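For reference, the structures are reproduced in the following blocks.
Next, two complexes with chain A in common: one pairs it with chain B, the other with chain C.
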Partner chain A sequence: MIAFDRVSLTLGSFRLKDVSMTIGQGDYYFIVGPSGAGKTVLLEAIAGLHLPEHGRILLRGEEITALPPERRGVALVYQDYSLFPHMTVADNVSYGLRVRGMERDAARCEVAGLLERFGLGHLADRYPGTLSGGEQQRVALTRAVAVKPDILLLDEPLSALDPITQERFIDDLRRLHREDGLTIVQVSHSRRETRLLATRMAVLIDGRLVDEGRADVVLNAPKSREVATFVGIENILDGTVTANEDGYAVVDAGGRTFEAVTDAAAGEAVTLCIRADDVVIGNGGGARNTMAGTVVAVVEDGPVAGVKVDCGVELTAVLTRRSVQDLSLAPGTRVTVAVRAAAVHVIRSLS
Partner chain B sequence: MVNGSPVVEGFIEAINLIVTLNPQVVEITIRSLYVSLTATFFASLVALPLGALIYFYEFRGKHALVSTLQTLYALPTVIVGLIMFLLLSNIGPFGFLRLLYTPGGMIAAQTVLIIPLLMGLTVSALSGIDRDKRYTITALGASRLQTVTTVIAEARFAVMSGVLLGFGRAISEVGAVMIVGGNIRGATRVLTTAIALNTSMANYSMSIALGIILLSVALGVNVVLSLVQRR
Partner chain C sequence: MATKTGTFSGDAEIVSWRGDRGRQVDRCIAWFSIMGAAIVGLTVLAIANIAMAELADPAHLLEVAASPVVIGSILLTFLAGANAVLLLVLFGTPLAYVLARSRPSRLKGIVESIVDLPLILPHTVAGLLVYLLFMRRGWLGAPLAEIGLAFEDAYPGTVVAMLFVASPFFINTMREGFEKVPVHLENVARTLGAGTFTTFRTVTLPLSLRHLYSGAIFAWGRAIGEFAGVVMIAYYPFIISTLIYYTFTTEGIRVSRSIAFVVILVSLAVFYLLRRMTRLMGRYDDRV
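Take a look at the complex of A and B:
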């Protein structure tokens, strides 16, 4: 639907360098990356608020690089809501319709249904200053949806909300995506939001797009070590391929060998990524990588617990708290750890 | 004035002058308000659009221009008076307008005096609307002109505060109206110049009466200002 073709752009201290990406119709596209990576600038470039110095932006195959924002069919929601304090909720929400030439009363009628849907009906005549943060953010979202955008752009919409409001908001967003079929682009630095909502994602580090693709692929099989670190893969091991037979490679990762599925040839330096939920403690059921080890730490986090096991290299597994109790895991416990060869993602340093 | 307390006596007489609506007091007050309100109106007409232009357009030297405007907030009124006198006098380029020693000339002088203040305060008022909000407005489909008008509407109370401050500076200044207006009785005498003259003539009761009125105007402006800023 919208595509960036080698876009470069400088804005103050932020730079986008040679960014190429494609956002498809109906995608819930996440742009993630560390602070200062240029995520917001990228979002604003989609909206047409910044003119690229190099490269092209295409909408449904047509070049729109210099098309002004009001003709792009987008709507933007910032983290700080950016509501108009001197307008009522209803006037805020109908603003986008009024700048398109609709009469004030007609616009208010038009958005009445939307206000109800987002639970704002009873707040229509209130001013934003009298609303809670969650209500204000909902007004901002409704205002954006009211203009029926082709693409909804969200800049960290959840980061200023409390956890309970966040959950409700995530449900709202999911419905907008699934039921209304809206294409949504969201800037975020929350792994949880990404896992819950994203269908596709891009990782932006220092102005460069270092990974892009289906969200589950980027999250579990990243292209580079820095992406793996950023998306929070728990076990990242550097090693060298010692043998490769029909795509099954043996990798020496400093004291422990792993079998993995890769084309990397013997002698090649690689990085292994293993999600903690792919590390099985107990009976591995014939997994290729089965090793003995000693539990060094158990870190509880709500209903789950991270278990660190020293088996020549340190591996982190994630288990339910209940399983930890059933297996009586504690520092010093001797365990067997199993990882399927297919669960080991190999990053080739040449690629 | 010799026996005891001329101030108290003057004060009592001043109240009397105000309560009985002394014709001279009324006339001077009305002229003062007329001159300064008209000057504020014309200055707003020029300064608000120019201020908006400075805020919305990026150009080289923008920062220096805003700094210069802020420096001109403290422009000495006698300097404005002197420059306007030279411009409006018979030998000056605008002598043909015959505005020297007329209320029109005083309006022109006060307009020039407060334009930098109004421009600078307009820029500040608009800068109070953050970047994200500007972008949100644009991304919601507002054209450039609609973005500008929405930002100005959002900043209207801050802009209004600036206008009130400009009026306050105009009505309380004495240097420019004294030089350009000449303080002619019944023609160009306003509150500030009348106070200066009456005080030097030891006519304290008149000075105090006019002073009370001037202070009331300033107080009124402040009350309106705080009401506006509470919004």
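Take a look at the complex of A and C:
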């Protein structure tokens, strides 16, 4: 639907470098990356608020690089909500319709249903300054949806909300995506939001797009060590392939060997990524990589617990808190750790 | 009671601190108030001084206050000032917006210096500049005289001189107002379908109304107080400062002092009212 073709953009001391990406119709597209990576600038570039120095932006195959924002059919919701402080909630939400030439009363009628749907009906005549953060965020979202945009751009919409409001908001967003079929692009640095909502995603680090694709692929099989670290893969090990037989490789990672599925040839330097939930403590049931180790730490986090095991290299497993109790795991406990070969994602440094 | 026994010394300290609270005075504010009072006091003393003299002879004061020359001159001054401010709002607002939204550059620096120039120049120099440009043989004065617009010793001359000296006050205040409107608000308006002019009209300008208003008051105050700038190009018609100077040199201190006192009273009342009206202007973004 919208595509960036090698777009470069300088804004003060900041640069977007050679960004290429494709956002399809109906995608829930996440742009993730550390703070200062340029996510908001990228979002604003999609909206048409910055003119790229190089490269092209295409909408449904047509070049729109220099098309002004008001003609792109793209609505933007900022992290700080950016409600018009001199207008009531109803006037904020109907703003888009009014600047398109609709009469004030007609526009207010038009958005009345929308206000009800987002639970804002009773706030219609209030000014933004009197609303809570969660209410303001809903107004901002409703205002964006009111113009029936082709693409909805959200800049960290959840980061300033309390956990309960966040859950409600996530439901709203999911409904907008699934039921209204809206294409949504969301900037975030929350892994949880990404796992809950994203269908496709891009990873932006230091102005450069380092990974892009289906969300589950990027999250579980990242292209580089940098991305793996950012998406929160718990076990990242550097090693060298010592043998490869029919796609089953043996990798030496700091004294401990792992078997993994990869085409990497013997002698090649690789990085292994193993998600903590793929590390099984106890009977591995015939997994290719089974090793003995000692628990060095148990870190509880609500209903789950991370268990660090030293088995030559340190591996982190995630278990329910209950399992940790059942297995009576504590620092010093001797355990067997198992990882299926297919659960080891191999990043080839050449790729 | 436990605190009194002194079993826990921390509690005892809290008690003594609480006891002091009623008598606690912010010494910083106290000292600063004394220093500030010196400034305000100077103005109050000056006004009291003139008031004492004037109120001693109310008949004379009323006679001067009711004279058509004085009333006419005050009205003319206020009107010419308002006229200058109107032109400033019309032409200075766009300039202020450009200055607020453009990135720093050498050209911008030069424009900023030009805008501020009337602030730095001696008023006589400002008056001379205006005179040379708008006199009958001046670059702008000559062609405008052709179409019947004379500046020398005429109302337009007063307005243009006031405009020149008051312009930085309006432009800089207005610019500050525009700078306080978050660019994000404009960006959102754009994505919602508003063009740049519509965005300015519906978002940026309404949110800067308070600055527009106070900038206009500043500029107006500056304009009606001008003497040297105006007198060079338009000695006539008498604006208030010219009139006071004229009566001072021709009729002496007594009449000019009475006119001055009337002007003080009127100005004080008008500015107090205008300031009070500021609170009615515009809804502000509290986050800024």
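Following the convention adopted for this analysis, the second predicted complex is superposed on the first by the 351 of 351 C-alpha atoms of A that agree within 3 Å, B and C clash if a C-alpha of one lies under 4 Å from a C-alpha of the other, contacts with A are read in each partner's own complex, and residues count from 1 in each chain.
Everything that follows uses one rule, which is that a residue touches a chain if its C-beta (ideal position, glycine included) is under 8 Å from a C-beta of that chain, and two chains touch if they have at least 3 such contacts.
Note that the structure is predicted; figures quoted are calculated from it, not measured.
Considered on the superposed chain A, chain B and chain C are sterically incompatible, since they clash.
By the touch criterion defined above, A:Arg192 reaches neither chain B nor chain C.
Applying the stated contact rule after C-alpha superposition, one finds that A:Lys148 touches neither chain B nor chain C. Look at A:Glu70: by the touch rule set out above, it reaches both chain B and chain C. In the superposed model, A:His122 lies in contact with neither chain B nor chain C.
When the shared chain is aligned, chain B and chain C each come close enough to touch A:Tyr78.
Within the superposed three-chain model, A:Gly96 lies in touch with chain B and with chain C [touch as defined at top]. Chain A uses residues 44, 47-49, 68-70, 74-78, 80, 82, 84-86, 95-96, 99-100, 143-144, 147, 153 to touch chain B in one structure and chain C in the other. Against chain A, in their complex, chain B makes its touches with residues 130, 132-133, 135-144, 146, 150, 153-154, 156-157, 231. Across the interface of their complex, chain C is touched by residues 44, 47-49, 68-70, 72, 74-78, 80, 82, 84-86, 95-96, 99-100, 127, 129, 143-144, 147, 149, 153 of chain A. Contact residues of chain C toward chain A in the complex are 182, 184-185, 187-196, 198, 202-203, 206-207, 282-287. Residues 44, 47-49, 68-70, 74-78, 80, 82, 84-86, 95-96, 99-100, 143-144, 147, 153 of chain A are the ones touching chain B in the complex.
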